[in-house]
Amino acid sequence: MSVRVVGPLEERLRANRDAGRKLLVPYVTAGLDEGWLDIVRAVAAAGADAVEIGIPFSDPVMDGPVIQEASVRALARGTTPASVLAELARADVEVPLAVMTYVNLFAHAGYHRMAQSLAAAGVSGAILPDLPIDEAAEWMSEAEAAGVDAVQLVAPTTPEGRLLRICEASHGFVYAVGLLGVTGERADVANSALVIARRCRSVTETPVLVGVGVTTPKQAVTISEESDGVVVGSALIRRLLNGEGPEGAGAFIGSLREALDDRWPGTQE
Amino acid sequence: MSVRVVGPLEERLRANRDAGRKLLVPYVTAGLDEGWLDIVRAVAAAGADAVEIGIPFSDPVMDGPVIQEASVRALARGTTPASVLAELARADVEVPLAVMTYVNLFAHAGYHRMAQSLAAAGVSGAILPDLPIDEAAEWMSEAEAAGVDAVQLVAPTTPEGRLLRICEASHGFVYAVGLLGVTGERADVANSALVIARRCRSVTETPVLVGVGVTTPKQAVTISEESDGVVVGSALIRRLLNGEGPEGAGAFIGSLREALDDRWPGTQE
Amino acid sequence: MTAATSMMGEPNEAGRFGEFGGRYVPESLVPACLELERAFHEAWDDPLFRSELNELLHSYAGRPTPVTECRQLSSELGIRLMLKREDLAHTGSHKINNVLGQALLAKRMGKHRFIAETGAGQHGVASATAAALLGLECVVYMGEVDVKRQALNVFRMQLLGATVIPVTSGARTLKDAINDALRDWVASVESTYYCIGSVVGPHPYPFMVRQFQRVVGEEAREQCRVILNGEDPDLVVACVGGGSNAAGTFAGFADTKARLVGVEPEGGAANGHGVAGIVHGMRSNFLQDESGQIEEATSISAGLDYPGVGPEHAYLAAIGRATYESVSDAEVLDAFQRLARTEGILPALEPAHALAWIIRATEEGKIAQGERILMTLSGRGDKDVAEIMELLS
Amino acid sequence: MTAATSMMGEPNEAGRFGEFGGRYVPESLVPACLELERAFHEAWDDPLFRSELNELLHSYAGRPTPVTECRQLSSELGIRLMLKREDLAHTGSHKINNVLGQALLAKRMGKHRFIAETGAGQHGVASATAAALLGLECVVYMGEVDVKRQALNVFRMQLLGATVIPVTSGARTLKDAINDALRDWVASVESTYYCIGSVVGPHPYPFMVRQFQRVVGEEAREQCRVILNGEDPDLVVACVGGGSNAAGTFAGFADTKARLVGVEPEGGAANGHGVAGIVHGMRSNFLQDESGQIEEATSISAGLDYPGVGPEHAYLAAIGRATYESVSDAEVLDAFQRLARTEGILPALEPAHALAWIIRATEEGKIAQGERILMTLSGRGDKDVAEIMELLS
């Protein structure tokens, strides 16, 4: 077993989990509108354990229509990785931030430079859904060197040995993709979400969050029976696209928080 | 040399020619309008030696736009070979009549029946520009049996031996096509018209008329220097399409007659 | 052997197959037809001409075209259906076989002007193609109605350097385009080669065009033998407009035991509903009214909109060597769609007629289960897709 | 021999040609890519699979396609120009070679749903064709903009039984269609085979598609040797969108002394003007803005409107084995018209790019007089005629 340095993102998530709390990580598209940082602050205030900051990319193949639409809006506003990091550097958010984007933006900047920039902006984690573990070595070592947790994803199709390898390599948390498909709201909890969570948790101590498809407080609870918590994206973004703003976002995330805390009262922070 | 029965058309044309007169044969599309027989009568009265009666056909490949248009009008009026012959039978025209049409109408009726019908209607000649001599044996014998002169055509491309054969076989007159092309008015007399006339006259006693392209009295005169006369079609039909009627037709044919008679005073009838 | 009656051999010296054929043209054209006959025979007997033609057919036009066995459709129908794939020939139909032959002949005869008539545009495009390749000036007559309906094919011909002349006589479709091409030829016969697009017209065209198309049947026969372990198909089917693809196909199988079936459109069944007549230089069967005026053919496929049929087909029908069937536009549309879905092939509407009959005949028991059928797929359907889209919507 | 650097051999085990290639896909798809890689290798090594594929290529798709020597154009340019005639393949382009291979593979893998993306529609039509032939369910993703521009190709796919899904994301063209096809695949990977249309995407696609297309180059090489008395051409040219026809062609000549030239459109010159990046599952060259957002390619030919290029081309450019040139839309239109008039061939606008560069390079002396050139004519121009008519009017 290799020595594993635990970064600030994972540290916080482990601590919260270990306190008996289920983890809630909302996804917010950076640059969606002028006040997008207020949304980040609102969801943090509403009980997020960390916030995923989506840096918009021209070709977001893991995203469904809702997050695509948010990306298009953000790009149309002139949002760039640099502008996002500059804003984040000045933002004052009390929970850890992890960026989520596509590998080309990192490759284009250069992994080293990007890792350093993330760290400088106070970002403590990064999720690149189109950089599978086999291609990720260089990025992971740059990230680790910069103190940024490189989150890895597992999918329902991931076979056992590979899943073990990914869970071992993932920093920050293990992103368990809850179903076969792209981001978007779903009416029901896929059985695959429960299975994948169970599989991951059986092999790792790293927090396991299920993302993709988590839509309602009830679903978050159901999934959290098997996982350490959930990532919520499209369900939040749809509200933002509808103009619900920081308050709506806070209310929605608050409702998820409440449902989770009702079920798992744990040690309140 | 075979014995050659001279039919009524050829008899009249020979007689007129032998009287020193140049032959003038106007072409009239049967059924062009209600009064088309008046046109026939008018051109006869204006000095035609015979009249060519065009029976309209759906696919007149030897005809240019003017006669095509006349055929279309006549067909649209319901003109059929039967209706034309019925009208001719009742008509009272003092010059010989020769029908000009395409072979399918004869083949469809049957050569025998058609020859008999023509004779019964008082028609004394027939011109079928798409029935070359090689294909004409059956028709010619039926025509001869019925006393109808089967006129044959020669063209500028006809080689010498074949021209001789055609001139020998042709009854009524020899139709010398004056140029390479379909019926229609032309600005000038083609040299080919003079050449073909000369070639035919050098081998036959049968009257040689030049058709296709004869447009003005002056051209008729020029051509008749080498031929026994002319057939005039499009120049007349154009006037009729323009609505000039029997008078216009008579005047035009009269002007041709006059030009010819001025040049060749001959024996006036 | 009397040439006139040998099974798809030469016509007799008057250019007749039985009582059909001949050379019913204006006197001006008779010498040209005789010259063409001589020139064609000489060329056809000249190994150099044949090898030049074969080389073009091979390395330019893409011959041999394959024979494709239909997998799904055969099993649905309970037959063994093989398609001779003329749709894969350059320009998209069998028409190229004939025009390459005629264009080479025109060059050999020293004629630098190359005229053609066209209905849907396939023969016009093929003619313009061959003329471009061989450096001939090309003029294509096309009915004004067809010029409008087939604007893309007109543009295609123009891109190939041809002049397209809209024909305004008669019904302004194919029949009238032939009339105008003949009129042009009457006026220009000394410098001009008239390239007729099917086995129609005065002798030697019906014979010559069939000879240029017999490569279809000869290839198919060999290919069938490979597929059928040395045997011939039981049935050979092709669509018939003027009849060139059918004649070329039948020529390869005339001396086998195969039944030969030509399929005409219901609205243009010159062999089926027509009577003998003399038009466009030939004695053959034509759609006519009671006086002998030629009627317009009407069908869903412009390439079969011809009121006559080649004289050799009239003859094959008369002696019973081939039979001629007809199908409705609706059956054709169904057959078109069925081939697309079952085999991934969009046929031209013309050969979809042949398929439509095969489907019906199979259902009616006129084709027995297990019969081995060679059908000529004379062209591809791309040209028809826009029209079909309108028809089906 | 290290596979990674052998001349157009296999990529290394990470699926890389030099530093290009790889398998940058969402985790959900990684097992599918690995499975596909295994299945492809097994199939490719299986003589039964190869013979079934060859039989389809031969008797269904019309292979071998000929090599045509240009007569007039060669003498005008002072070169010896030979065209590999993929325009004569079934469905009208080289795309059929690849889809037949992938469709057979899908069947072998037990996947009954066959999805594809398409720009102009050529790969979509080819995919729908192969799916119809082999009885697979077919879904084609196509940008909404392209759906409108190429309504006839949409209808063609529908006639072939495919479902066409208009893509409304991004710029609604090819790049976005690929994104949506990938999204579909992410969601359906267990039952679905994704048939990529060029040498792009995650490993093994760039390698596999090139192998399915190498028949183009292998045939051409043999055919050139017959024409050139055992010698190889001096220069081999093909257009490059994703680069499948070029890769297939180059594969036949990589180990000869022939110069290899790929021709890109000026507005989509990923190798010429792009920089390295990672999109659509591969590390390769892409048109990008200063942040790494992917830009839209724009060119007269929809089939080349792709902002990336296959990784093997990025590699061939990097090591200098092939060079990549670009031409303007105006040059392409000229080349299109010139080939039509001189050779009677209407090329697709895509290969007209290759010809446009040949014409310019000849004029500029970059091609020497007398050079012997094999150019792949990757498809026929019928699909483009309507657009060209508008452009020229």
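We just call them A, B, C and D in the order they show up, numbering each chain from 1.
Rule of thumb we're sticking to: a residue touches a chain if its C-beta (ideal position, glycine included) is under 8 Å from a C-beta of that chain, and two chains touch if they have at least 3 such contacts.
None of these values were measured; they are calculated from a predicted model.
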item: Most widely separated chain from chain B, with each centre as the mean of CA atoms; value: A
item: CA centroid of chain C to CA centroid of chain D, Å; value: 35
item: Separation of chain A from chain C, taking each centre as the mean of its C-alpha atoms, in whole Å; value: 68
item: Interchain contacts (touch definition) - all pairs; value: A-D, B-C, C-D
item: Chain A-facing residues of chain D, complex; value: 14, 22-32, 169-170, 175-176, 179, 182-183, 186-190, 275-281, 283, 286, 288, 291-295
item: Partner chain D, residues of chain A touching it in the complex; value: 57-65, 68, 72, 75, 80-82, 103-105, 107-109, 129-135, 152-159, 162, 166, 177, 179-182
item: Residues of chain D that touch chain C when the two form their complex; value: 58-60, 62, 65-69, 71-72, 85, 87-90, 92, 128-133, 135, 151-152, 155-156, 159-161, 337, 340-346, 382, 385-386, 388-389
